[in-house]
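Next, two complexes with chain A in common: one pairs it with chain B, the other with chain C.
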Partner chain A sequence: MNYLYDFVTLLCIYSVLAIGLNLMIGYTGIFSMSHAALLGVGAYTSALLSMKAGFPFLVSMVCAVIVAALFSAIISVPSLRIAGDYFIVASMSLQIIIYEIFVTWIEVTNGPAGLPGIPRPNLFGFVIKTPQAYMWFSIVMLSLVVAAVYGIIHSPFGRVLRAMKEDPIAVQSLGESVVRAKVTIAILSSAIAGLAGSLYAHKMTFINPATFDIHESITIASMVILAGAGRVWGPIIGVFIIQAFPELLRFLEISGSHVGSIQKALYGLILILLMMFRPQGIFGKFKDTTLGVNKHVAKN
Partner chain B sequence: MELFLQLMVSGLAMGSLYALLSMGYGLIYGTTGEFHVAHAGIFTFTGYFGYIVYEKMNLGLPAAILIATVFAAIMGVVLQSAVYEPMRRNNASHLSIFIAALGLMILLENVASILWGYSPLQFTDNGLKKPIRLDLFSFTPLQLVIVLTAAAVVTIVLLYLKKSRMGKAIRGVADSPEMAKIIGMSPQKVYIAVYALGSAISAPAAVLLAFDSGATPYRGTMLILLAAISMILGGIGSPGGAALAGLILGLTQNLALLFVPAEWANIVTYTLFLAIIFLIPTGFFGVKMAKKI
Partner chain C sequence: MLLRIEHVSVRFGGIVAVNDSNFTVKENEITCLIGPNGAGKTTLFNLITGFLTPTTGSIHFRDQNITGMKPEKIVRLGIARTFQNLRLFNDMTVLENMLLAVPGKYNQSILRPLFLRPRLKKIEAGNIERALETLEYVGLGGKAGEIVDNLSYAEQKLLTIGRLLMTEADVLLLDEPASGLDKNSLDRIMPLVQDLKRQNKTILLIEHNMDIIRSIADQVVFLNQGQVLGVGTAEEIMSNPALTEIYFGGGAHHGEGA
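This part shows the complex of A and B:
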């Protein structure tokens, strides 16, 4: 039974991350390659603050959110001013830099060996210890994030985002700042990644850099795209499919040293086929204007 | 001084490899505007193909480079015609094409890992890696071969782009595909040529890098980041600029060791590159202005 609780808990944590990333990829058309690193920033910040500085869980979590948002602001503010693929390059660089810091700054992060002994969350004297309790805790957190994102999407700001994806120049001419909207979304999305990182660290009680490398960033983005970017529920289904995939391979009795590679090769193939034949994702609305900006806008 | 010269030598060799990687990538991006990250997947496969020609067929290094280059060009054309061309026809957004390219890169990397294993395949040395010592520094014949190959390829490609009919067509389509169509050129043909040429330019670097440090499956993401950074630094739409910026990147990565401990060198250099891109988004030799919005 604990296996199921752990599965659902991780499903919820990665859904939080994917829903945050969907704000960028699905609603705004910005592709981030650094969300695994930002998850890591949240995880390390929260873990280190509660272990070394003795901060209470909630304070560590809030700090994790803020620090992840700050890291993303460093690249978002300069690079989203420039259109084109600058943000992809900037976020890839950020991913590499943060990952290298996790590995290299051994005095603080303990390097590739990782950080063991992260305490369980303590909420006003109640310690969330059992897998079942942590599952409910992560379900509550996921619900809060879904509610918040739903609120944003259906606010006037959400309408600006949608309009911006269709035609940024028209939005600009109505006096809305496209750059400011994009930067806001990037920072918000990274703050949510920081939250997911904090939840992850205190669930696993052990973190190491391998969980936060660039291939993880790509996997997380695949989760968002798979089921349908630009829908509130899409990422959760995507996370479920990708989390359940290894189990399916085990069921099909594909095993040995190549399991990881076969799995990743299939993700790659699925991404290609999706983009060629169903860019709106498996469950996306059929007449959705696909991902990103229209071609003629991007060309100018 | 000796350390400086030694780092210059290894920086020049590494920079020459980056120059070819970035020039090929920059030519494709500059002409099509497509973020073809699968370039790194082709690069990975080319290294393995060089290994097969050199080790299994015993044809020697020059033949390995030539045959692998032809193979890379074919692979570039196949990917463009099978994946990008149909997407272009459906008016897919650039983001969708980028995600498909990302999928291609993941697919190619992992297929390479399934076919040839996770650990690097080492080439048997034919004496090229034996250092030649001079008074102040030493170098290997391989480093000399790398620098000369890169210089030759860059010169030939720049001349080809400037003088040949196809070279002019490529520059025309890069400027405006619509205009090129109006005067009766076929952008499709140009796109095929660009994917073939771009993949071929980077191929010698792929084989030489594999010869130097073994063919491995998962180097791609790092290499495509380097290529993208050099392309921006060199100015999008300027293949020569991309090559020069690649050379500078390789030199910087090595010379950084004079100032920072080896384990921090990567962090410092990438932060530096990122800062420069933000400060000068048009790059040093930019032909096209950076797009606003």
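This part shows the complex of A and C:
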């Protein structure tokens, strides 16, 4: 049973991350290659502050969110000013730089050996220790993130995002800053990644740089694209498919040493097939009624 | 003078699209930009609204130098434009198109949808009301819930003007509002353009139809090959044989996209 609880917990944590990334890829059309690193920034910040500075869990978590957002602001403010395509390169560089910091800043991060002994979250005296309790905690956090993202997407700002995807020049001609909207989304998305990182660190109680390398960034992006970028709940399905995939491979009789590479090759194949036959993802295009505006009109 | 264009030039590689242009736009007047294709009319619109930066020269709005400012900033200062190819959001409703032009923090805030939802709903309701009134004014009452793609071309043109009014800008640049319209549609849109003057708006428009220009223009600016060749009333410009020769005689170089 614990196995199932752990599976659902990780599903929730990666869903938080993917929903945040979907704000960029799905709603804004900015492709980020640094989300694994930002997950790591959240994880390391939260873990180190809890372990070395003795911060309470909630404070560490909030700091993780802020630090991840700051890291992203460093690259998004200059690179989104130029053109969307440069952001891929800038975010990939950020991914590599952050990963190198995790590996080489041994005094703080303990390098490739990783950080063991991260404390369990303590919420007002209640320690979330059992897999079951952590699962419920992750479900609550995921629900909060879904609600927040849903609220933003169905707001006037969400409408601006949709308009930007259709015609950024028209958006500018109406007095809205496209750069500002993109930077807002990039920072928000990274803040959510930081939150996921904090949840991850205190769940695993051990983190090391390998979890936050560029392959992970690609996997996370695959999760978002797979189910259909541009739907609030789409990434959850994508995460489920990709998380469940290794479990399914167990039923095939493949020797353990090959599972990893077969998995990656199959992800690649699935993505190529999707781009060819269903570029909008499995669950298709996003459509909404912002703040119920259209319904409002129908009534009048 | 509300808007001053001073010695403005713009070069694209070896081509001089606008060459040392000077003219002013007076408050609460309708100024028409005319000239043959390729004269630089739309390029001037792009320069005034910040979509292009002049190579030399400057543009002043209410004593403020707006040369090289970002388009969105210029809109917020009070100069907004339409496009020849309309640039409406075709998959959205008429009302959504209107709301996208609301100035202020309304369209950019993410804190309001997260923490101040009741307040946002209230602001939204106010904006919807204003949008519906504006739609009524431009003659699109009852169309608010329609998807833009389903509107007729004339209705889409009216919507571009409605959307422009939502920006609350005082100076409106209309890029060929009459083009592609039949007589009936013209009778809907041109009185509207004239009425905007009564709403204290200042209009700068690109137009080819001489009858329309005669009936609505307070001032005409004649452009050819990127140069301002004449500024005056419609009668003054049309009684100048040199200018009419260029305009009607086919003496100008014809090119795509003025």
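The rule is simple: the second predicted complex is superposed on the first by the 282 of 300 C-alpha atoms of A that agree within 3 Å, B and C clash if a C-alpha of one lies under 4 Å from a C-alpha of the other, contacts with A are read in each partner's own complex, and residues count from 1 in each chain.
Definition applied: a residue touches a chain if its C-beta (ideal position, glycine included) is under 8 Å from a C-beta of that chain, and two chains touch if they have at least 3 such contacts.
Everything quoted here is computed from the prediction, not taken from an experiment.
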Which of chain B and chain C A:175 touches, first, second, both or neither: second
Touching partner for A:154 - first (chain B), second (chain C), both, neither: second
Contacts of A:72 with chain B and chain C, given as first, second, both or neither: neither
First (chain B), second (chain C), both or neither touched by A:101: first
Touched partner set for A:45, first chain B, second chain C, both or neither: neither
Touched partner set for A:9, first chain B, second chain C, both or neither: neither
Which of chain B and chain C A:138 touches, first, second, both or neither: neither
Partner chain(s) touched by A:28 [first = chain B, second = chain C, both, neither]: neither
Superposed model, chain A: greater residue contact from chain B or chain C: B
Set of chain A residues, in rising order, touched by both chain B and chain C: 169, 172, 178, 290-291, 293-294, 298, 300
Residue numbers on chain B that touch chain A, as the complex places them: 33, 35, 83, 86-87, 91-100, 102-111, 113-114, 118, 218, 221-222, 225, 228-229, 232, 263-264, 266-267, 270-271, 273-274, 277-278, 281, 290-293
For the chain A and chain C complex, residues of the former touching the latter: 148, 151-152, 154-160, 162-163, 166-167, 169-178, 180-181, 184, 188, 290-291, 293-294, 296-298, 300
Residue ranges of chain C touching chain A (in the complex, touch as defined): 49, 51, 70-72, 75-76, 80-81, 83, 87-93, 95-96, 99-103, 106-110, 112-114, 117, 120-121, 124, 128, 132, 144-145, 163, 166-167, 169
Chain B partner contacts - residues on chain A that touch it in the complex: 29, 31, 75, 78-79, 81-86, 88-90, 92-94, 96-97, 100-101, 104, 168-169, 172, 178-179, 214-215, 218, 221, 225, 257-258, 261-262, 264-265, 267-272, 274-276, 279, 290-295, 298-300
